[in-house]
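Letters are used for the chains, namely A, B, C, D, E and F, taken in the order the chains are written, and counting of residues starts over at 1 for each.
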Amino acid sequence: MKNNVVLKISGKWLSPENSKVVTGYVEILKKIKDKGVRLAVIVGGGSTARNYIDVARAFNVSESWLDLLGIESSRLNALLLVSLLQGYVHPKIPQNIKEFIDIWYTTDLIVICGGFQPGQSTTSVAALIAEAIGSKLIINAARVDGVYDKDPTKYSDAKKFNKITLSKLEKILSTSSSFKAGGYEVIDPLTINILKRAKIRMRIVYGGDPLNVLRVLEGKEIGTLIIPE
Amino acid sequence: MKNNVVLKISGKWLSPENSKVVTGYVEILKKIKDKGVRLAVIVGGGSTARNYIDVARAFNVSESWLDLLGIESSRLNALLLVSLLQGYVHPKIPQNIKEFIDIWYTTDLIVICGGFQPGQSTTSVAALIAEAIGSKLIINAARVDGVYDKDPTKYSDAKKFNKITLSKLEKILSTSSSFKAGGYEVIDPLTINILKRAKIRMRIVYGGDPLNVLRVLEGKEIGTLIIPE
Amino acid sequence: MKNNVVLKISGKWLSPENSKVVTGYVEILKKIKDKGVRLAVIVGGGSTARNYIDVARAFNVSESWLDLLGIESSRLNALLLVSLLQGYVHPKIPQNIKEFIDIWYTTDLIVICGGFQPGQSTTSVAALIAEAIGSKLIINAARVDGVYDKDPTKYSDAKKFNKITLSKLEKILSTSSSFKAGGYEVIDPLTINILKRAKIRMRIVYGGDPLNVLRVLEGKEIGTLIIPE
Amino acid sequence: MKNNVVLKISGKWLSPENSKVVTGYVEILKKIKDKGVRLAVIVGGGSTARNYIDVARAFNVSESWLDLLGIESSRLNALLLVSLLQGYVHPKIPQNIKEFIDIWYTTDLIVICGGFQPGQSTTSVAALIAEAIGSKLIINAARVDGVYDKDPTKYSDAKKFNKITLSKLEKILSTSSSFKAGGYEVIDPLTINILKRAKIRMRIVYGGDPLNVLRVLEGKEIGTLIIPE
Amino acid sequence: MKNNVVLKISGKWLSPENSKVVTGYVEILKKIKDKGVRLAVIVGGGSTARNYIDVARAFNVSESWLDLLGIESSRLNALLLVSLLQGYVHPKIPQNIKEFIDIWYTTDLIVICGGFQPGQSTTSVAALIAEAIGSKLIINAARVDGVYDKDPTKYSDAKKFNKITLSKLEKILSTSSSFKAGGYEVIDPLTINILKRAKIRMRIVYGGDPLNVLRVLEGKEIGTLIIPE
Amino acid sequence: MKNNVVLKISGKWLSPENSKVVTGYVEILKKIKDKGVRLAVIVGGGSTARNYIDVARAFNVSESWLDLLGIESSRLNALLLVSLLQGYVHPKIPQNIKEFIDIWYTTDLIVICGGFQPGQSTTSVAALIAEAIGSKLIINAARVDGVYDKDPTKYSDAKKFNKITLSKLEKILSTSSSFKAGGYEVIDPLTINILKRAKIRMRIVYGGDPLNVLRVLEGKEIGTLIIPE
């Protein structure tokens, strides 16, 4: 049985303004596919999502609708990746977990998707997918290079964890109030619950360097490993 | 503009074994519709869901798949209600928030649905819908008659709250570990987050007496009111 | 070319209350697939269908709607089987003959479905599928162990047929009036017509013992063989 | 509540070669709609269906596939009628009973459809629809002008019935063997069963004169009335 | 019968970076709807489309795929407008002419869409829609304020036409080679053909000022009127 | 990588009245598939389309609607071919370029379709498909045997081109006014634009002899080759 890997890529790295990083991911994904690893890729909405959400938020549009704008933006990022990976990817972008499953079990191609539903971050989509296909590892190519004990952009003495349990992570997060559309942090409560119940590990790495994904697959212990305990 | 009311009915009360309660809901919903109140109804999976999930769990099927069984069971309960309310309800059962919105804004009929996605309880579906259509109240016709300070089935001195803030409720819930398919309690973390961000109130009443829904609409302060603070 | 086998399983044997029989079918279907036999499986609605239909019938809901409840119940049984056979089955449950064909010709996996349309029993769905894919045998894992000359539950001297022609069967059935939703007997007029026009044989065996399906594939002449003459 | 009328029109009268009759139906249907009568219209495949089926039958294609060609042909006839009745009809042609119901309860426009599924004549589609929407009369604008005691094209002394019960009709039909795709006669076993169980009357009139539909609505007792007894 | 107006808005004016213009369109569209005018709105892809297409074009992705990226971008702009016009617009964004027609004839709400198919500009989508619903005027809120005899950005003596026939316009365009994805000029060959065959007028006005749409509806002769001759 | 060939077949040759030619195509397509060549087949509407369009045109139905009738007719021709090529073709008929792509990259079977959208000839559908899948040759099995310098049915001295550039072809066509539904000539402006931008060649051969398709694949220089210059 082939190895199943779930890869979440922050939308930041797939938006048009980072076209060099996009190029990097196209090459990396082809290489991983050629090695025979099966890949599920979930991409975020990035700056496109943020731009559209900002306009709508000024009109007091509800968070559900803001999420819908974010989801469509993430699907546009997914479509960009699909268009650049023809022959390597399934051309259809699944819009919910049922469609994902239908495609996953009937192809060997890479399956790429964006968000599914309002109220769910693309990270929790990655967790749901990993659970549904029985994958035990999610690689999260994030905007940041790991989990810190405090905000590293504000505190110069912030310390990055090599490993952290979900229980400990939950305590750190319990002070932040970040459950707004487009602003889901590295990990959100729904994701934590799924990782727990399905005993899935998630390794957070800096997504600005696509080679980090390869490094994880080769066993390098970079970024932060989140352990479902 | 008509009043929008979101009604969550526990699947327990719509499963075939409670056919008398089903009859009660059919009558109540017709009456409410005839008064010109717009109704979104979300139904749970009840015993049908539990029965199917139990079989699958014995095979170590993942929670995502268990959720899918629960979702289809809740849709069967929804279809039963639809078949009994012809002419009063939109015949189509929306399968995600986008479909719900498409139907809601193009009809005056009652819209009935079950679950949407794995990882979401039907209560959080009710919260997402309330947020999307701008409703500020969810009536939760639950298995229980309100929120208690401890488990009333175990402690005879358990005390029911007339009102409780989300913050206080979160503290009470933080001890319980109930995030399993089919076992979502009265309220789950995702629901709490949506109620908070959209400032929606939820009144929990005993769903075994359909008249309780009418009582709430008439201003009776029964059950427990959860306040988004 | 692989052998195409169409298997109808009575919903009775796939409802949650018969979880041991469900387990048996999961094992048998895996074995048959591993032997390289292509399988189309059609499941009935069983007790779930009956429970929901009973509630709705008390409201004088039309037979078309009762059939819809039965069809959704049969699809829930199909979903249960799909969740237990991941990797062996196509994850999508086709909802009409066109969808069935689309899936059948593009996969080697087992395809599982429930009912298609009001006015059609799941047995006639099995017949339509056999005709569409050119299969000449339907194995009907029924509630009973074959066709009798009179009702074996009422007459102790009822005699089971080893073989019976459709013409003879029609004569026996012409006295019974069983064309009600959820109450289709072993075989109905629509099924008979399809078996006739497409010259398909149907072997009725006792479905409570999943091994009977294997026995038929191994050439055992159990139950009753219905011959299209 | 508006009167619901189900009208079956033989495909013969809606195929391009009978464009004058088509014109007649366009005018009649507008008139009936303007009177406030709600109309469900089911059209057959006619000569288009027969032409395509004939080619495929020469290749020994199965009856299921022949039915699919017939169904698509009937939908083409339906689309022609829809294009000529813009503003009077719902533009979507429902493809199964669920889609029909979804449209029927959310519009006041005429709903037009062709066939639904292999193994069902368009007449039985009309019967299923009548049952689902609670209509008690089907007007069948047929190729013939009623039901006869023998084939009127062969026997000059054939006698037309003004009224006939289903039981008597079944006896007459029991000798004919006409259950082939494209060759369903005026009424088939599935239709008979639905008319019986839902107690629906069907009046067969000569469809070559569209005014006959109006005549029936005005109470004229033309053609043959089939009574569900 | 209500007046049908087809409004094409250049994607430039609906992209997030022009949020003030977006605000203007939201107000104008509500006003027009409140006057009882029926509106079909088609929006282009704007800078979002251009950004995504630029990335993909660097990979030598085919024009068909570039068009798909442009179409999804235009739908994102459409979704933004839908989210800001709740209660005034149909929430569903039709993805082809058939879906557009299905929605148009079953609602009084504004219908908003983006592109339909590769090889078609959103302007030609506007023309197809005008033809299908029998509208004789398209208001094109463009990036420019009309049609000139030469490129006004290059020649200071370029002269704007108040009126121009399609035949004359075709001659002017026959020198430019602008049939690339994302770069369709004010009008393209397919649009010209549809305007001709359906005898539809198109008035090009500067879209940066949303009030121009109102001005046209009030009879002001601004911009350039293209006449189907 | 397998060779991709796009084959456009005029609807004339697939309509029921030319059943012998249909038979020829069935045999030829099987042979080509067995050689390992990947085939995309696009079929026109032929006489079926013309018959339905003629009826509707007499009612002054708009060209968009006439195109819809033509598209459905072409899909009926496609379905006929699909029914005759079971096991060689993907059973689903894609209805737009996105569906075509989804199928093309997930099967090795022949993919057959009819028209996609009003305003597009089936020839331009063939061009869009060739562009999307990177094919550089379209074989157009037309009603005629090539491109002439004047109408060969009117002028006995009309001369057939062996080769012709698009630029030259455009000049010849600029005099004809043939942009009406069902009357698209051998090539239309949209097709020309796509052939140009994607640098695709199209060879026009007489479609009445299916062997011509094989001859082209074997390198025979029959008919007229249109060169994208």
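Here is the rule we use: a contact is a pair of C-beta atoms (placed from the backbone, for glycine too) under 8 Å apart; a residue touches a chain by one contact, two chains touch by 3 or more.
Fair warning: this is a prediction, and the values are worked out from it, not measured in the lab.
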item: Selected pair, out of C-D, B-C or A-B, that shares over half of its residue contact pairs with A-E; value: B-C
item: Comparison of D-F and A-F by number of C-beta pairs in contact, larger one; value: D-F
item: Chain B-chain D separation of Cα centroids, rounded to whole Å; value: 43
item: Mean-CA-position distance for chain F and chain E (Å); value: 30
item: Shared interface positions of chain E, touching two or more other chains; value: 65, 68, 86, 98, 106
item: Chain contact graph, described as a line, ring, star, complete graph or other shape; value: other
item: Which pairs of chains touch, using the document's own definition; value: A-B, A-C, A-E, A-F, B-C, B-D, B-E, C-D, C-F, D-E, D-F, E-F
item: Interfacial residue positions of chain F with respect to chain D in the complex; value: 16-17, 19, 22-23, 26, 48, 51-52, 54-56, 58-59, 61, 65-66, 68-69, 72-73, 75-76, 79-80, 83-84, 86
item: Chain E residues within the chain B interface of the complex; value: 86-87, 90-92, 106-107, 109
item: Residues of chain E that touch chain D when the two form their complex; value: 98, 101-102, 104-106
item: Residue ranges of chain C touching chain D (in the complex, touch as defined); value: 62-65, 68, 96-98, 116-120, 124, 127-128, 131-132, 134, 179-180, 189-190, 193-194, 196-198
